[in-house]
Amino acid sequence: MSRNHRKRRFQRPAPGTAPGTLAVPEGSQQPKITLIGYDPTNLEEYSAENVDQLKPLLQKWPTVWINVDGLGSTDVISALGKMFGLHLLALEDVTHLGQRPKAEQYENNVFITTQMIHARAEGLETEQISIFIGKNFVLTFQERAGDCFDPVRKRLKAAGVPRQHFMHSDYLAYTLLDAIIDEYFPILEMFGDRLDLIEDQVVSHPERSVIGDTHQVKRELQQMRRNLWPMREMISNFSSTSFVDEKNRPYLRDCSDHVIQALDMLETFRERASGLVDIYLSSISAHMNEIMKVLTIIATIFMPLSFIASLYGMNFDTTSPWNMPELHWRYGYLYSLGLMALSIIAMLIYFRRKGWLGVVRQPEDKTDR
Amino acid sequence: MSRNHRKRRFQRPAPGTAPGTLAVPEGSQQPKITLIGYDPTNLEEYSAENVDQLKPLLQKWPTVWINVDGLGSTDVISALGKMFGLHLLALEDVTHLGQRPKAEQYENNVFITTQMIHARAEGLETEQISIFIGKNFVLTFQERAGDCFDPVRKRLKAAGVPRQHFMHSDYLAYTLLDAIIDEYFPILEMFGDRLDLIEDQVVSHPERSVIGDTHQVKRELQQMRRNLWPMREMISNFSSTSFVDEKNRPYLRDCSDHVIQALDMLETFRERASGLVDIYLSSISAHMNEIMKVLTIIATIFMPLSFIASLYGMNFDTTSPWNMPELHWRYGYLYSLGLMALSIIAMLIYFRRKGWLGVVRQPEDKTDR
Amino acid sequence: MSRNHRKRRFQRPAPGTAPGTLAVPEGSQQPKITLIGYDPTNLEEYSAENVDQLKPLLQKWPTVWINVDGLGSTDVISALGKMFGLHLLALEDVTHLGQRPKAEQYENNVFITTQMIHARAEGLETEQISIFIGKNFVLTFQERAGDCFDPVRKRLKAAGVPRQHFMHSDYLAYTLLDAIIDEYFPILEMFGDRLDLIEDQVVSHPERSVIGDTHQVKRELQQMRRNLWPMREMISNFSSTSFVDEKNRPYLRDCSDHVIQALDMLETFRERASGLVDIYLSSISAHMNEIMKVLTIIATIFMPLSFIASLYGMNFDTTSPWNMPELHWRYGYLYSLGLMALSIIAMLIYFRRKGWLGVVRQPEDKTDR
Amino acid sequence: MSRNHRKRRFQRPAPGTAPGTLAVPEGSQQPKITLIGYDPTNLEEYSAENVDQLKPLLQKWPTVWINVDGLGSTDVISALGKMFGLHLLALEDVTHLGQRPKAEQYENNVFITTQMIHARAEGLETEQISIFIGKNFVLTFQERAGDCFDPVRKRLKAAGVPRQHFMHSDYLAYTLLDAIIDEYFPILEMFGDRLDLIEDQVVSHPERSVIGDTHQVKRELQQMRRNLWPMREMISNFSSTSFVDEKNRPYLRDCSDHVIQALDMLETFRERASGLVDIYLSSISAHMNEIMKVLTIIATIFMPLSFIASLYGMNFDTTSPWNMPELHWRYGYLYSLGLMALSIIAMLIYFRRKGWLGVVRQPEDKTDR
Amino acid sequence: MSRNHRKRRFQRPAPGTAPGTLAVPEGSQQPKITLIGYDPTNLEEYSAENVDQLKPLLQKWPTVWINVDGLGSTDVISALGKMFGLHLLALEDVTHLGQRPKAEQYENNVFITTQMIHARAEGLETEQISIFIGKNFVLTFQERAGDCFDPVRKRLKAAGVPRQHFMHSDYLAYTLLDAIIDEYFPILEMFGDRLDLIEDQVVSHPERSVIGDTHQVKRELQQMRRNLWPMREMISNFSSTSFVDEKNRPYLRDCSDHVIQALDMLETFRERASGLVDIYLSSISAHMNEIMKVLTIIATIFMPLSFIASLYGMNFDTTSPWNMPELHWRYGYLYSLGLMALSIIAMLIYFRRKGWLGVVRQPEDKTDR
């Protein structure tokens, strides 16, 4: 998710604004109203230009689903609010983006607000959806056109027994919620793949980018968690309202199970991400150890050698028999080379006893497993 | 927040002081009393010199809001306490700064104490506000003049239907609480910006100041959390008192949702701040690794070279054919340079196999993403 | 557990699929139906080719256990669903792998889904099992042939008093759950052994692979925890349904105790695994310290020596009495060697005072304890 | 708190001792009994030599406060126990130091045990106080003479309306508890100052002592938390007994608020202390980085220089034209110096491109903020 | 605790074993049965060879305590089970070691299983004890002979009023539980001493063994916590059964307080142990810093010196006036020594400005405080 997008999510009115004040969120699209009316045998889809066109349709169909794409007009929203008797506070929440998912029961409807998630090419995109459920209508507000409800529309259009279910508005609301939650799963699996990738990288060649990537993953998981966590309560609150039929409760319980399953996956991924930082840091440390060993071995071998060579480079006046008689020995050079060889051997024995020589190369073989 | 200011917040009386003892907080301003009286059609604003002037106004107006700026006089506070029948313990809490937000029901009023937050040029400023809500009055005590209630006053002055709401003192109290909570959001967003800044810095050029800054952010977030966390319970306690009308409860529920949302943001920021320390430490480690690599490569290349040069600087008596015959070779010098070149090539091959040469520069390219 | 296997566990239908849609999980086996019918005195085992063959057997035996190995045919599953009046949502969960363990009461049966664990040569294997408990039948669906129920079958076949217990389907269900949970214990003990092994290794010769191994152990423990944790609630929910006889509740309570005991062990192992990372990191640090000490001692001893040797290798014109008169001293060479010896002694005294010389070897003796 | 003192706090009888066994805590003072008897108009203070002297006073005064300083005589304690009908288990707790704060209701009294804290010159001192509250008496046992109740005694002696409150023993008990809790606040502020000090030090010149100091602070905070945490429950339990008058409950609620506030401060300090370890470790790392940079820069500059100098110190026989012709060049020396200058310049450019030269000094300027 | 012992604790039957199957734990002793029968005035102790000998004694004494040391015979256990009407599941738990402490009410007895702890020379030893409490008997099963109940036996034998208490079997059970819990305290204090020791060591001379020791302490604390934690629930469950007399409940409440106190101590020790790892790691880091400083100072001082010496060891043909004229200067040698002295002074000034010279020794003085 791009930084700009993330910031926009917490959009709040100026402090002290009167409750129930509607405000067009920045960069909103003009609302596009569609209505699907149906009875057990028939179904028709309409596209309304203004709110007044909806009235006759409401009377014609026993159950309707009105969908509004785009929050760009407060007139449309308050007109719909008046038509369906919606509470001002609920309408205010529709236009304030970044709501925490919740379900609230009002006198003649239930208000649900939640966050959809879409995987776009440029990253994750969160979209707020508000759902009003009345006895014979479902009214949804989305930020933009394009949603995850096409399979729901298809099932709705399929006549016969399945349509019977949809005659109760709560079942329609359930299918919408189910579609919203189901969209989280492929995205969660995407995170699993990303973590696999980082994990492979951290083991084979740990680079600094690993930490940044892991931090990014953790942030996005944290954001998804903020969306998913309150959904459990949202569904349980919705389920306990009088607008939900007893025989539809198992469906909502199933829906709630899905949320818990998604949170389970999330938690696993968060633990894995945290573990990655440990692995990275220990890889870095092990790497540093290896570098230091090479340096120490080289320095420890060559410093005595260089010293011996320097020693016999001294210019003492060799007319005195006490001054560097080695220089005049027949095999003085070989003797000095022998000294050096001895020093190397002594060092190698020391290193082998410390177990340093073997370990230098071992770790790389190990990590291939 | 400056260190001095922070300390002052926990201002407590000497141990063993009798309960209900009023004490002027250090450096308090003289109280300035203003009263707004209103009925559905009229509204008037008064500035009172002393408490006695308030009496006739209380009888004149069905609902009044008395605001006291400055806690510098225990006389004024206890006079108001007597006039409205306030409990001594509640009055004591008014004059003891650094209260934890809470709502307490007394016989004929509700006492709420909470903390306002203001973004001043020199940092965050916390100000304690105490609110007494009776059947037909709201009485507020603030530490200083200047508050976030101007939008509330404006809405109060707007005649007509909105005024109707305000005829119940609980609605007025709600709008005050709402204004207090809403002031937290721009400040929270400020923290988001600060974290973005530190995050950018930690990735591009990690410096030691990052840790201090992050620590500072965490401390201020922790302080805000201490203010916000008990507000949920405060609102829920207030909401369940008999002074709140059933139809105003949705407003307080909305208010509580805002607190939860603010706490959600806070939690996200705290997690991000914690992650920053990890990133910083791993950046430092990676940086160290890079430095050590440079040192090791340089030492490993030049130590053998220096040794070879020292070797042929030895002064063995070359009259013996066994002593450094290389010195007399026609191409002895070239031979020694060749030895050195070989040594360099061997080292470079070793480093390349370790993957050290490529990685030295790679991390900097990576972090630009 | 192989990576491929792990991923497959979260198998979900495409978002928006109608609830109750059955889908054959990838790579499922064709279902193999077996039926065990019994009364207090007789027991017979059948292998059915299709669902219709089961009908007469259901009427013949007072209690039956039908087991289906393989989820490869939706026809079989939905036929069984119709025969026993199973809810569509429960059937859907049978075919969706990776379910969180749960127990749900429907009108005329209880639905339990949980995860079995098998220790295979190539790693851990999780297998989903779904259990339907009705008044006089138990119906189980497993992913594959091969299970941990052979001891249950044996006890079932043992005539006499033990058979009496099994006449209630809830007791049969309890023994199945008990067998499933008991299979977790040997696997948990395996983890204890693995941790012992890593612990030994981290103390004797800490290698980078330790972190990877520990991470792997933590991940697998986390996965087992995800399976075990919800089992407590599952058993308690099952126990409180009307399908469980009062006098069988102690058995389920015992079963729940086993789950808690397994979780206890798990938690201990997780703590131990976390502690291992600390030990590894501190081992690495201690090791690094040791390496650096060797380097520093070597460098600190040889650098002054080399300097002295270089000093007397200078070519100043010794015709001037001020230029390196030492070179002409009779014992100049011995004098220079004496200088070097002095420098070595000074350094050794310094190191001893720092306590470095002794500590270099000490840690290895210590860790043998 | 000194180590010796700390250990003594958990003083328990030998395992298997009969319940209700009184044992004189090691090093206890002989008990000193004082009694304050009062009615609304009169108050008198007595110092009793033995328990029998108290009897007539109990009948003379409607309300009495008996205070015992020193637990050195089991006779006195059991005599008082018999006189007031105290439960043996409660008396046992009086003599066993290191009790967890708690309130327990017995048939005709409430037993409260809690820990006072005193700031002494040599460190913190914890003292156990046991309080028995009956209908018309308060009986307190302290470890030693000297307490924080002088302000309570003063208020008690002030005649008039305040005395009315004290006629109920529960109000006297409340003022004692309030005085005990209020003594925690100045000590908590002391911790804030200590943390400020360590924080300043860790930023300006991080030394190893910082970790020890922080560990010490955390331990003492943890100990205070162990005392404070159960006080909430203690007060709430006391408040719900029949010995507390309905109209005194707000006072205890206020008392409980103070405990919560103290715990809030404690929690903040604990978070700050934890953060300090992070800052210290990152300071150390940053410092190490700086040292390594200096070493690397020096080594990287001088190693090539030394090599060049060694190179031209070789003794090849220059009669061959191929052997070190540079030695005979007219400007050979300048040429070699030029080579060295080039090498230095190349290294400096490399370091500047890495950004190492500037950063060496930067951190120290930064940390002054 | 030795590794072998630890593993044995989780002893479970093979998966799928029938519930209520008794299995002799590996290496069990043959059961030794003792019976103490008593009435208010008399008490007698018997040692039974087989279960049948107990029958007449049960009828002779109003209250009996039967103790079985050793679980080596399933016959004895099931015979006792039949005699007292014990549930098969409870008997199964008696023979399965490593039980989580719990109390379960059956029809005519309460079953308690818990873990005793003994400090043996070779480490901690855990022993499982199972207690059955009926109306007029207490039946205990221990793993081995030797227990912590001798003080209980002594008090039991003391005739008079104390014996009255024991006429109710619940009071006898309470004293047993109390003795078991009291045995934890001296062992907890032992841990405090061990932590003090490690703490002293980590500050004075941090060695790698510290981490291993701390890990060991944490593991053993974790194990004790696993035993203690469920005891609270165990006591509360036991206390709420019908087998506990109302007037004995305060005793069990006291017992529960002791468990909480032990858990409090445990938690403190765990926090201290965690803090030790931090101290150790920062000590290591500080130590490394010191080593690196020594290396850097030595290298930085000697590298320029060696370079200057090498420089004047070059063999340029000094017949050219441009080639190393310094060699022919009268004071050339002194000049070169002067150069070296200048370089040393410059470096010392640099180090002093960095504050490195002073700090090298400082930390050791600091840690003595």
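Chains here go by letter, A, B, C, D and E, matching the order in which they are written, and residues are numbered from 1 within each.
Note that contacts are C-beta pairs under 8 Å (C-beta built on N, C-alpha and C of every residue); 3 or more make two chains touch, one makes a residue touch a chain.
All of these numbers come straight from a predicted model, not from anything done at the bench.
Asks: So if I look at the partners of subunit C and the partners of subunit D, which chains show up in both lists?
Replies: E
Asks: Shared touching chains for subunit B and subunit C?
Replies: Both-contact set = A.
Asks: Would you mind pulling out the distance in Å between where the CA atoms of subunit B average out and where those of subunit E do?
Replies: Roughly 40 Å, centre to centre.
Asks: Can you work out the whole-Å distance between the CA centroids of subunit C and subunit E?
Replies: 25
Asks: Can you list the subunit B residues in contact with two or more other chains?
Replies: In subunit B, residues 281, 285, 288, 292, 295, 299, 303, 306, 310, 313-315, 324 touch at least two other chains, as defined above.
Asks: May I ask you to sort the chain touch graph into line, ring, star, complete or other?
Replies: Shape of the chain contacts: a ring, since each chain touches exactly two and the loop closes.
Asks: So if I start at subunit A and go to subunit C next, what's the full loop of chains?
Replies: Order round the ring from subunit A, first step to subunit C: A, C, E, D, B.
Asks: Help me check something: in the complex, which residues belonging to subunit E touch subunit D?
Replies: By the definition above, subunit E touches subunit D via 148-152, 155, 162, 175, 178-179, 182-183, 185-186, 188-189, 192, 196, 203, 250-251, 253-254, 257, 260-261, 264-265, 268, 271-272, 275, 278-279, 281-283, 285-286, 288-289, 292-293, 295-296, 299-300, 303-304, 306-307, 310-311, 313-317, 320, 322-324, 355-356, 359, 362-363, 366-367, 369.
Asks: Subunit A touches which residues of subunit C in the complex?
Replies: Subunit C residues touching subunit A: 3, 7, 10, 12-19, 87, 89, 93, 98-100, 102, 104, 106, 205, 207-209, 211-212, 215, 218-219, 222-223, 226, 277, 280-281, 284-285, 287-288, 291-292, 294-295, 298-299, 302-303, 305-306, 309-310, 312-315, 318, 324, 326-334, 336.
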